[in-house]
Structures are given as structure tokens and as C-alpha cells.
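See the structures that follow.
The following pair of complexes shares a single chain, chain A, combined with chain B in the former and chain C in the latter.
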Partner chain A sequence: MSKIRFSRKTLSIPYFAFLILFVVLPLLLIVYYAITDSDGNISLVNFIRFFQDKNKLGLLAFSVIIGVANTILCLIIGYPIAMILSNKKYNKSAVLALLFIMPMWINFVLRTAATRDLLYWFGINGGEHPYLATMIGMVYNYLPFTIMPLYTTMLKMDKNLIEASYDLGAKPHQTFVKTIIPMTMPGIVSAATMVFMPTMSSFVISDIMGERKISLIGNAIQFNFDQSRWNDGSLIALIMLLIIGVITLLTKNVQKEENVRGGLW
Partner chain B sequence: MEKENIIIELTNISKQYDDNLVVDDFNLKIRKGEFVTFLGPSGCGKTTTLRMIAGFELPTSGKILLNGQDITELPPYKRPINTVFQRYALFPHLDVYDNVAFGLKLKKIKDTVTKKGVTKEIERKLTAKEIDAKVMQALKIVDLEELETRDISTLSGGQQQRVAIARAIVNEPEILLLDEPLGALDLKMRKDMQLELKEMHRKLGITFIYVTHDQEEALTMSDTIVVMKDGCIQQVGSPTDIYNEPNNAFVADFIGESNIYNGTMTDEKKVLFLNHIFECVDDFEKNEKVDVVIRPEDIFLMDEDKGMVNGKLVSKIFKGVYYEYIMMVGKNEVVIHDTKEYELNKTMSIYIKPFDIHIMHKEFVNNVYEGYIDKNNNVIFAEGEFECDVTQLIPNTHLDEDGYLVDDKGIVYDLTDADVKVEVGLKDIEIVDKEEDGTVSGEIVSIIYKGDHYQVIIRTEEYEDFVTDTEYTWNEFDKVGVKIPKEAIKMTLKNEAKQYVKD
Partner chain C sequence: MVKKIFAKGYVWIILFLMYLPILTLIAFSFTEAKNIGSWTGFSLNLYRDMFKNEEIVEALVNTILVALSAGIVSTILGTLGAIGIYYSKPKSKKIMNGLSQIPVLNAEIVTAISLTILFVFFGVEFNFLTLLIGHVVLTVPFVVLSVTPKLKQMDPNIYEAALDLGASPKRALWKVIFPEILPGIFSGFMLTITLSLDDYIITAFTRNNSFSTLSTYIYGATAKKGALPPVLRALTTAITLLVFIILLIINFRSKNKKVVNHRGVRQ
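Let's turn to the complex of A and B:
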């Protein structure tokens, strides 16, 4: 009887097939639709239409602004929280950290709708204050994604370094700027990437919170595909992909220093 | 000691965490330019004391004076003191140069500028040129000139150590604190660094406060050694003082190898231990219980009956320059260092010069015995079988019906023949008139009136002593019996409990 022997290569076949089927092929399809017209001919007509359309460019710019604003707000709010959570004095047995992460486990659409109703109850009507409501919804939704990577980096941070900084004459604010922030930079970068891109491409939050008065690039993609305008939709998706690529390249240098756990769990 | 020479003074420093007293009434004056080492086992409070000097911890009580100024509450960044951390604590996001320059870039110096004929005193930061000169000089001192642009993670342990030292000394602190800086290095590197640090200290003239648990390191490098135990200073002195004249048995044991025995002063400058009365040079009160310390290199081996006490050589280890022998004299082990080779199991005799016998006041005023547990769960010591509570030897245990110890996890221990240290308080020994009524019997060899009670010493035939405080008067040379209540016998296992797990 001969034994069936698997080489390593054979073992990798299912993963390889999965990759091609669900990652490479869809990407190629996006590229294909982006550079063809509605008749299937290769042309740059989609590009021309997108970059000549002031509304669409404005939408992209607006989405970037919202993305940046949300990232900054999440970092400003999340950083101190992560600092407190990583301090054993306040966060005994990590229960507090769990409380901050728990909202991530609740259904996203339900959570967002609940946020809208809660704001309404506080007198912030999504219809009247669409920007404010959307921003609050965004920050609330993405805060856990900011706290998580920051928290894990801070836990790993050598506390001796803070003492060393004091010892060398750095006052508390100097220690924060010159030691704590650089030490947690990998966490900041991964938090920022995890917030910025999803914010830009999300449409559920702006739809629900802004009562459809706010449109982001994500809404545009959804709209195009809904209308069977696959070419236009694919192009926007491709542009988003390029932005992600550029950002990843830019942040690679910082990430290289320390392998930080992404924080998605 | 001249007053102006004192750079730092710690007075009545105590530090308490919750209920735990880590440093207890620490008093020390350190002279300018001195190399002081805090030496002690882990958990003795030496690092905590250092951290209070650095400013990372506030003392619960007491004062720290730097050049006469109270700095007890001053934050670390305002103290002219720098630290070399145990695990270096180098900034991984900066290269070697920037690590060393970290302190300098923050520093402000006083300077005078003349502008339009007016001379003003201003505070300014160091210029890049000044920083550069200082950094390069510091790197030169630690022999790292070539590596200034290297990443910290690419450096070896020894190199990181050097960067940590450079980063501290570049700020020209008045005191440099070193927290076990060589602990992570291998032996050879450690030896080299010891000498280099010593040389650096000589050149820089900065006061060094060094923390270590390595007695050899302390002896090699220090001007002054502060031996600590349980948060208390045991002895302060030069390495030679501490080695040759240890204050107590703990210091003697911690610094270098020692033979330590329980002894009793029998007469003026006469001490009894190893079942023999030795001449010595220290004068203590007659019949006082003392610790006797003898360095292994101070014991001479001689042919049988030629020396003071006979014993059998039971172990021989070649140590390079000398042989380390262990001789059994009765139940006592004697460690001897001798350059000559002798046969194992040979009966020989030892000779000790009177001034090599160091006698110290006993720290504990308990009777201490060596004993073992017998199969009836009683303890045998001082020729007697005493009833005792064996469950105190291993926490959370009870006796089962077969006489084995069982702990709360169900693990069964068989303590038969387990060696134990037995302690009995002075008030817990009962003297009975008739010899046969006591567990052991002996002769009263001393009665001292201590103000409100008598301290009586009963000596057995085998020269074991029971010291007891009693209100009643007895006569010298009386033969009496000794009884000890079961609950007064305090015992600790000499080996780890897991050795006695029954399988």
C-alpha cells in the first residue's frame, strides 16, 4: 500500500485557490471595469468623466476631510483612554479595556441607529445637524479601532524609558512629546490607517446619522453599483485602492520598527 | 568626616508599600567623588533606595539632602543625578548619537551675552556644536566613537551598556546611579566592564552609587560598601573592613565564603564551638551565645591529633589555585581552602589562629538547633525527641490517619528524616528538677541575673546548650531536665518541600 504524501506545495493549493478566487480575481475585475466603457472597450472615458466632474472631485475631497477629521478626533480621544487602560493602576485585570472594546461586538447597523436615536433624544437631530451627527457617529464607531492598537503598543512599552526620560531632564510634557509619542508611533500609525480608510468608504454611518443628507465617496460607490454603473463604481474603488496603497507605502517605514498587532479581533 | 565633603545625605529614610516596609530607617552620608555600593540579596531594598535618590520614588518618611539642600520631593528631571538603568532603557526610536544627546538637547545653561554694550545673563540651550563636542567626548570615554549612527537594536548587550553609560555621564551629573548595570552581561565582559567603570570613576571624579547583589563586584570596585538586608543597613565600610571584620553573621555569609557556627563564650577570650574551646581575641560576656565566623582560607589542615579538632574529609573539589575540602567535625561541616592535596575520607585535624576567629553578637535571641523529623512526626534535636507540630513545615497542610502530611491540593508529603532548623524562644524552655522528667537532661553551666529574671544555660553531655529566661533561681552544676511545650517548637524545612512529596 502506498502512502499518499503531501508536499508543502500540495498543501498550499487550497489557500492559493482561495486567494485567486476571492482576492486577485475581484481586484482584476475592478481594474478591468475601471478601464473599459459600458460596451467593454478599453478606454479612459471613466477617468475623464470622474476627473472632469467637479461634484465627484468635491466628494472625494470632502471624504478625505471627513476621514482626516475622524482620524484626528479618534486619536485625540482614544490616546488618553488607551494610556489610562494600559496603566495597571486604573485597569486592574483588563476589565476596563474590555468595556471599551465591547461595542465592537454589537451589530454595526443597529449600533449606529441606536446612536442616532440617542442623539435625537439629546436634541441633536440628524436632519438638522447632519455634519455633527455624522461626525459623532463616526467617532463612536471607530474609537475602539483606535484604542485597540494604541493600547497594545502602550502595554508593550518599556516603562523604564519614561523614567529614563525624566532622569535625563525631560519635564512631563517633554517626556510625552519626545518619548511617549515616538514610542507609541507604530500604534498611532496603525490606528490611523484603521480609521482613515474605512471612514472615507463607509456609507452606512453617513446615511443613518446624517439622514441621507451627507454623501461620502462610499455612498458614491454604492450608488453607482446600485444603478448598474459598474465602470464608474469600479473606477472610484480603484482610486480608493490607490490611496490605500500610497498610505501603506508611506507608513511602512514607521511600521517596520515594531511589529504591532493590528488590533482587529 | 568634613561637612563640606558630603555630597548627599540620607536621613531616616523609610519606604513602605502597603504594609510592606521595604526600606527601614536608612541613614547614610556619601562623600563627593566616592564610589559607594549598595550590596544585598534581592528584595533587600537597595534598588528602592537608589530610586529614591533618583527621584522615582518618594520616601514615606525621612529626608534626602544634596549639598545640604533638601531634594526629597524634587522630581527626577530637576535633580543633577543621572541613572544607568538595569536593562539600559535606551530609546529604540533614536540612534546612538541621539540617545546620548537626549539630555543635552533639553538642558539649559546660564550664559552671558553682550548686546549693545549691555551684558545680560540669559538661559539658553546648548548649540548643536556644543552638543556635538560633548556627545563625541562621551562616546570616546566609553569607546564607541565609530557607532554614533547605529540603531540601538543592532548593538550587542555590551555596546548598549556603554551607550547607557555615555548617555548618563554626558550630562555631567553630580551623582551617577548605577542599578545592577552589569547584570545582563556575560562573566568575561562583566569583569572587563568592572575595571573600566572603576577607571571611568577615577577619571571623571563623579560620585558613583552602585547597586549590586554580586559581592565580588562590590569588593572589586567600591570605596565604600553598604551591606543591606530586609531594608536595613547591616554594615558600612571599606571592602577590606567588611571582608575582614564583618559586623554580623549575615554580612560574613554574604561577603565571601564563611563557616558560621553557633558558639558560646566559656571564659575570657575563649569560645566553644565544634565541641572544642578555642582561644580567640574578642572579648565578650561569659556564657553569651555568639556567632563564630571563620573564612575557609584561614583554616589549616594538619595530621590527625596535631591540631585542635579532628574530622574526616568528605569532599574535595579542585578550584584552580586551591582545593576546597569539606570536613565533618561531629555534625558540623567545615569548609577549608588549602593548596595542598589530601586524600578523601582521611581523618585530619584543623588549626585556626586566634585572630582568624571572628566572633559576633547573635542577631537572634532564640535557641537555634539543627534537627530532623523522625517517623513518629517528632523532631530530634539536642539528643532528644520532642513532640512538635509538623504541619507548620508546609503551609496549608493537615495530617492524615497514616501520619503523612496532606495539603489542600491533595499532595502527600513524607517528612521522615527531613532536616529542619529548630528555633525555641528563651521563655519557652521549661526546667524540671528531676533529670528523668525532662525530654533531655543537662547541667546548669551558667546563671546570670538580668535585672528581672535569670538567664540559665543548661548544657547537655554533647555540648548542646539550652538558654532560657526564668524567674526562678537555680544552682550552677545542678543536673536538671529540659521540657519544651509542643507549640513552642518553631521549625523550618532546610530543603524544599517538593523533595518530600510521597509518590
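Let's turn to the complex of A and C:
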């Protein structure tokens, strides 16, 4: 028997096997349960049930709305912060930026519960105002994820182009819309994807902040599995996977275009 | 000038709001009142209760145990994976990089549920190993993502040079490639630890129900009683302090490193 020759590419075999076993195979099982009925026969009954159920379609639409709302709120609050942090005139050290990221190291469940307790003290009861409390909880949790990619993009941004735009007679708002926004687009896109998808699929924040009165896609997946309705749960998980896949493909194109443009400059 | 005050003011207001929940819990960790907002006199009893609370101590130990185990397994698996992928043919490189992206992009709840299905489907009992696998799935792609840039920055000739000078491929890997990518391995390891410490969803779906981490313990405590139990306010202080100290050390160290590099360049 010949000895297997050592080669650097063979080092990835354990990693590859791990991915196949614990990433690909589980997802195939989700697809399997989504396209079979409870007796294990291939059928589209789960799809039909889902798309005929107004509650479930409403839940899907509601999750998208919450996701979009949170993305917009985080961008509106976070964009100016990233701009100020990356501007040498206002901020000379990176310590301030570190302070914005530090909450991410404090346990996520603890942070969310702390936010809920504080709102409770201020008279915003999650049971009475589930939407408001959930939105606040979402913004609290995802703001650092918005600031981080925007900040790193802005640090790399060529400041001369902004100067050039002013020199060529652009007004501040024109410079912002025509120069700064396009230059920071990759950061905006990655911030938006880092906020939108986790928001619509989250279930911990809506559970804790909304006192279980709010249901998002994540809650629906969890609930169906809790009730041992694997087929329905898998279908919703599959829909979530498809949404993620489509968004990934779409944003990939945006970012590629940006790169090409960056290369031209 | 006015603009500068306005900008600084905005940053500090948002920072203040961001830290307000945590700071409030810390402030009220020095009183025994049942709920935040009422003050029943200064006391350190919550801190004493925290160290006496076996559930909390056990959850803390478990959390660290899981994070370290996942950190070690992910770092080894991911580093070897990154090296292997980097030297693979373009086609298999593309496939493996694509697969690596799945856990990063996927919703955590979907990853968690898919693992639950896998284990139940094959009749595997939930134990420490299933939890560890869950955490490795969550974190290993980030090790690959941290190590790969270091491989790209590396001078490809030094490995060849080591072979020409008579080193065996294994020795060249250990003595030449490994030191070059060490910073990437270290940041991958740190990333793994932080992701694992913070995780709730994967943990909740892949653990044995008798095994609790800080996340599942806190979630259970808030689900049952509504407001956080007072003793968790003391825990918040402890965690925040710990994170703050670690970040200070990291910040201090990276500043020192820059100085050393600078000197190195000048020499």
C-alpha cells in the first residue's frame, strides 16, 4: 500500500467533511421535511397550506416590515455617528469607536432583558406597547452592527474626492448625495444586510421585548418545532433560506459593481 | 465650532442611551430592591448572593467551558481548512468557500433548527458534544475568514525556499507558514470565543436541557419572572467590568505593537 503523500490541500479534508455533515446535510433535511407531508410522502401540501393561510402570509409581510423599519432606523441613527467617528476633525482616537462596539461583548440576552427592564421603569410596558418595545430592542441590538461596517468603509474613503466636489462648486447636500453616499455604498449595503436578515428572523428580542405578543418568522419557526410540526416549521425555514439566498445574490451584484467603480477611480 | 459641539453632542447622547440599560442595572446592583427604580439603601448583598448562587456559578463555568472548547476545535479545524482551501484547485476552492459562507449568512434560528433535525433524525442524544458541534458550526467559518487574508499576504516563495533548503513539507508548514498566519489564527480564536459566549439560539437548540449556559440561564430567568432577578444585576456589573478590562488590555497591547513595528521599520 502506498503511503498517502502529504499535500497542503489535504488539510482541508476534515473541514470539508465537517461542513458536509453539519451544514449541508441538515439543510437538505429541512428541504426534505418542507416538501413531504407528515407521512413522509412527497407533496406540496405544506406550500399550499402556507400560501392559503392569511395569518402566515401576514406574518411574513410583518417580518419584512419590521426588518426594513429597523434597517432604516439603524442607518439613520448610525450613519452620522460613523461619519463623525471617522472624521479626524471630531475624533482623533479609535477608543470612541471601540465604545460603540463594546456592548456586543456583553451577553446579548442580558442586554435585551436590561433594555426591557429600563423601558418598564420608564412606563413603556412590553405587554401594552409590544411594537414600540420590540422596535427599541431591535435598534439597541443592531446599532453597533450598523456602525461598524459604515465606519470601516468611511475610514478607507478618499477624502480628496469630497474636497474636489466642493471645489467644483457643489453644495453640501449635493456633495453628500452625489459623492459621500455612493462612496459609502458598500458599507451601507453590508450594514443593511447585517441588520435586515437577523431582524426578520430573530425571535429572542421579540420574545423578551414584546412579551410574546409579537411574532416574527423566527418565532414562527421556533413555535412550529416546539409543537412538533416539523413539516410546517421546515417550510418556513426554507422560505427564510430562499429570502437570504436572493438577498445575498442581489447585494453581491451591488458590491461587485461598487468594486468595479472603485477600480476605475 | 458649533458644528463640532453638535457632532460631539450627538455621539455622546447616543452612547449614553446605548449604555443606559446596562448602567442602570449596575447602579441598582448596590441595593437589594426587587425592581430597578426603587432604592432600599446601599448594600453589597447581591454580590454575595451571586457567588453563593450555584446555578449562576455553574452556568458561568459551563459558558466558559463551551467557549474554550469551541474556540480550540474551531481554530484547529478552521486554520487547517483555510490552508487547505488556499492551496486547492480553483474549482474546489470556489465550492468550499461557498459552503463556508452558509453558516455566516444563514439565519441563526435556521442553522439551529437544522441541527436539531439532524440529531433527532439520526437518534443522537443531546449532550455536550451536540452543543459543541453547534458552536463549531457557528464559529468555524469566521476562523477561515480571519486566516485566509494572512495567507494571501504571505510571500509564497518562503515555503518553496524552506523545501529547497531541505525541510519536509510538514516541517515547512509548521516552521514557515504557521508563524506567518499566527495573527489571523489568534483573531479567529478571539472571534470564536466572543461569538460562543454571546450565543443563545444555537445553544438552546443543541444542548441537553440539564446543561445551562449564562444565556439560557438568563433567558429562563426572565421568561419565568418577567423582570430580571436582582442577583443578575450584580452579574451584569461583573460581566461589564470584565469586558471593559479585556478591551483595555487589547487596546493597550495593539498600541504597543504599533510602536514596536514602527521601530522595526526605522531600523
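By our rule, the second predicted complex is superposed on the first by the 249 of 265 C-alpha atoms of A that agree within 3 Å, B and C clash if a C-alpha of one lies under 4 Å from a C-alpha of the other, contacts with A are read in each partner's own complex, and residues count from 1 in each chain.
Going forward, contacts are C-beta pairs under 8 Å (C-beta built on N, C-alpha and C of every residue); 3 or more make two chains touch, one makes a residue touch a chain.
Bear in mind the structure is a predicted one, so any value in this text is a computation, not a measurement.
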* Broader residue contact with chain A after superposition on the shared chain, chain B or chain C -> C
* Does chain B (first) or chain C (second) touch A:169, or do both, or does neither? -> first
* **Partner chain(s) touched by A:225 [first = chain B, second = chain C, both, neither]** => second
* To do: Could you say whether A:161 touches chain B, chain C, both of them, or neither, answering first, second, both or neither?
  => first
* Check whether A:183 is in contact with chain B, with chain C, with both or with neither, and answer first, second, both or neither. => first
* **Which of chain B and chain C A:237 touches, first, second, both or neither** => second
* Where on chain A does chain B make contact in their complex? -> 158, 160-161, 163-171, 174-175, 178-179, 182-183, 185, 257-258
* Asked: Which residues of chain B touch chain A in their complex?
  -> 54-56, 75-77, 81-83, 85-87, 89-94, 102-103, 106-107, 167-168, 171
* Asked: Tell me, which parts of chain C touch chain A in their complex?
  -> 4, 7-8, 10-11, 14-15, 18-22, 24-25, 35-37, 77-78, 80-89, 92, 96, 99-103, 105-111, 113-118, 121, 133, 136-137, 140, 144, 169-170, 173, 194, 197-201, 214-215, 218-219, 222-223, 227-228, 232, 235-236, 239-240, 243-244, 246-247, 251
* To do: Give every residue of chain A touching chain C within the complex, in rising order.
  => 6-16, 18-20, 22-27, 29-30, 33, 77, 80-81, 84-85, 87, 89-91, 95-96, 98-100, 102-111, 113-118, 120-121, 140, 143, 197-198, 201-204, 207-208, 217-218, 221-222, 225, 230, 233-234, 237, 240-241, 244, 248
